[in-house]
Amino acid sequence: MSIPGKLVPEALKTLGKDNATVSYPKDKRTMPDRFRGAVEFEPEPCTGCGMCERHCAADAITVEADADGNVTWSYDVAKCMFCGQCEESCPTDAIVMGKEFELAASDKPSFEESYTFTR
Amino acid sequence: MSFELDLATGLLALLVFPGFAFLFVYGLTAEYLDRKLYARLQNRVGPPPLQPLADFLKLLAKESAVPEGATARIYNAAPWTGLAGVFTAMLYIPVWSERAAFAFEGDLVVVLFLLSLPSFSLFFGGWYSGNVFSRIGTTRTITQLFGYEIPFFLAAFAPAVAAGTLSTSGIAAFVAANPWYVAVLLPAFGVALLSLQAKLERIPFDIPEAETELATGALVEYSGRKLALFRLTKDVELVVGAALLSALFLGGPAPAGVLAGTAGLAAGVVVFLAKTLAVIALLTVLKAVVARLRIEQMVDVFYRVLVPVALAQIALVLAVGLYTDGVIL
Amino acid sequence: MSEQSAGTEIPVGPQHPSLKEPANFTLNVDGEVITGAEMKLSYNHRGIEQAVLSKSYIEAIYLLERICGICSHAHTSAFTQGVEELLDLEVPPRARYIRTLIGELERIHSHMLWLGVAGHEIGFDTLWQYAWRDREIVMDLLEEITGNRVHYSINTIGGVRQDLNDDYREAILDGMDDLEERIDFYRNTVPNEETVRMRCEGVGVVSEELAREYCAVGAVGRASGVPTDVRKDAPYAAYDDVDFDVITDDRGDLLARTVVRIEEIAQAIRIIRQVAERIPEGDLKASAKPPQALLAQVPEEDVVSRYEAPRGELVHYVRADGTDTPARVHIRVPTLANWPTVVESLKGSYIADTPIVVAGIDPCISCTSRIGVETDGSHGGENAFDLDELREYGIEWYDERGNVDRPSTEDDGRTVADGTEGERP
């Protein structure tokens, strides 16, 4: 039987329910464990192998080594697409996907970070 | 002396209560309550109380451009006519007592005519905007007008036939004196509610401004001050329409008449607000639970279903009148 | 696909409230009736098929995932299935079950998104809000299991990247119970709401003959009575291990498509329950070798892989040339197969039906966009170009146009690449 107003009981019941929305940024959700946010890098375990750069589809990571054995690992969060392949490809667990997702900023240089260390 | 007093009270009624100032504030409040209830029905939060005022002020601050293809004079004048119509219509509807600010015999016809002015202002504004979307929207507005005006008039005449007068105040007084007529007039109330929803171009009858089809239809070329006026017209029309319905079918400020003096007037205003808000709540629930119809479906429903119901209602009212006069049964 | 007839011409798009993505329909109308329709689709072309040629297969997964946000798992699954066939890798059962699980969760979220969008197109905003609220059950599950609400990035060459543990399995089963209640509500109310029937019944009718002639796929084909479903016709992942029905309807109108999609959500719930309950133990990847080792052995072959995306049959063609980057990737999305039915069913309909008819095929214009080239027959009288001829045509066209500004090569380090090396500006 099709009548107009079939949704009325559900609509009136909805008046009693809590809000389906979260009042962000006043209230924030906790992100689940596997959430992929901005990349976090630890220079200590890094060997400068460059697999992260090779497998980064967005070209967000660059790894350079010079003749003196200084390795520079740089990351541009604006290019990153948070796929997590770098974390998977890193043989020494130097790269971990963090939980940071509130990444908006108004100055471009703040998106890039780099670490230089000797190996 | 009494001419100046009449002039003063007249201007007070026109400009403050129940005229411009009151309608402006009440219109924006009604828009807030409508949007809040609509949001709650959809499990959302809804806007804060000052949102309609903020929207109005924001629009006033924006540029009001006149498109190249538009006929400037008509395009510029259109928003004002509808607004003037609804503001004036309020003067003939009882608010604080059974007597409106400027009641006279036959003012129901005047009110119904003034309430149709907003649709005509949409028509003129949209047609002379020079845009194909607004032209289609305008055609739909006029087609829709043909659809709902007849049932609306018939439904409004049912209590007039019952009361034997064409004065809105007289009808309100009659229904207040015979409260059981509220039950008798229920079908006409239903028809009037649906026709008012169509007049206000709200879902399921927002066909002329179908957002997903025509990008706001007749108003597509309006911006800034003129758009603010159109939106204010719609809000005030909602309030005036609800006030008219509560006066015709629900007895106006009815039970408050038992109190005398200023207490009675204040109570009358409170009852008026309560009844009009109830009507607005009904219209909001209707907006939330159905989809939008196509224009030919809308005209079909109104002529095939609502006109016969309204005619049957008038026959019922006549029969009840003859019964109470002792002529039949 | 166009007819010139008298009347007003209404442009729908590329900017239009009813379209979520840019496309253009030029409608010839006579009053409220549409007499002719023409369609242009190139607005969202992003050059993905070209860009993927400069990326290795492992990077290509992430690029192809981003063709579309709603059917992202479909693209990665189809692509990795193709590459696994090239490399002759046997994906372990646990990984196949997890791919099925995510695929069905994606199907649910896509159909619920569609239900909301369809509600919005016919002016039924409340249905829209309810459908999108209930869709959050699935989005939260996906975020818990894969780490993201869209672009799950769970596929890799040879298997999947994330595992399912008992907590997640319980969460899935609880979520499916909640969802089933809501789907029962939609099943009972949506087709029985009179105004929805008035807008959808008999609208946008595609007969079975038309569906077969135009090769309509997915829910559009199934709602016209054509029982095409890649999960049954050419099973992949774990689909030959689970029970489910292919939902068809014989009316071919919008109401049929709505009912088919709601019922498909119910079937997806059924599949997900089976997967969560009987997922076998095992490895997640076919081989423990890292991707670069696997990709050193790509043969010079080509492969076609098909997948039942939420919108229909998705086809990925991959040609390998022995290196670790593909030589050609071509993607035939289901929406491309369904557009002709839209243009046909628009003729004779009302303007008011345009949004819902367009939305009825669940269009993913981002998936679809291909370049449209209008030829005047001067190309040797032929209408087909190959890639080099097309490139030449483009360069000639621009040169003839004359005053095209090339980007400045000075301040921000841009280089004018010839477009084939994937050099990032």
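Think of it as A, B and C in the order they're written, each chain with its own count starting at 1.
The rule is short, and it goes like this: contacts are C-beta pairs under 8 Å (C-beta built on N, C-alpha and C of every residue); 3 or more make two chains touch, one makes a residue touch a chain.
All values derive from a computational prediction rather than experimental measurement.
Legend note: the chain whose CA centroid lies nearest the centroid of all displayed protein CA atoms is C. Chain pairs A-B and A-C differ in how many C-beta pairs are in contact, and the one with more is A-C. Distance from subunit B peaks, on a Cα-centroid basis, for A.
Per-chain CA centroids place subunit B at a distance of 46 Å from subunit C.
Chain geometry summary: the mean Cα position of subunit A and that of subunit B are 53 Å apart.
Averaged C-alpha coordinates give centres for subunit A and subunit C that are 25 Å from one another.
Residue positions of subunit A touching 2 or more other chains, listed in rising order: 4-7, 11, 14, 20. Across the assembly, subunit C contributes 126-127, 129-130, 133, 193-195 as residues in contact with two or more other chains. Looking at subunit B, one finds that residues 41-44, 288-290 touch two or more other chains. Of all residues in subunit B, those touching subunit C in their complex are 41-44, 132-133, 136, 203-204, 206-207, 210-215, 288-297. Only residues 8-10, 16-18, 32, 119-127, 129-130, 133, 193-196, 198-199, 350-355 of subunit C touch subunit B when the two sit together in their complex.
Listing the residues of subunit A that touch subunit B in their complex gives 4-8, 11-12, 14-15, 17, 19-21, 23. Subunit A makes touch with subunit C in their complex at residues 1-7, 10-11, 14, 20, 32-36, 51, 54-59, 81-85, 88-89, 97.
Within the complex formed with subunit A, the subunit B residues making contact are 40-45, 285, 288-290.
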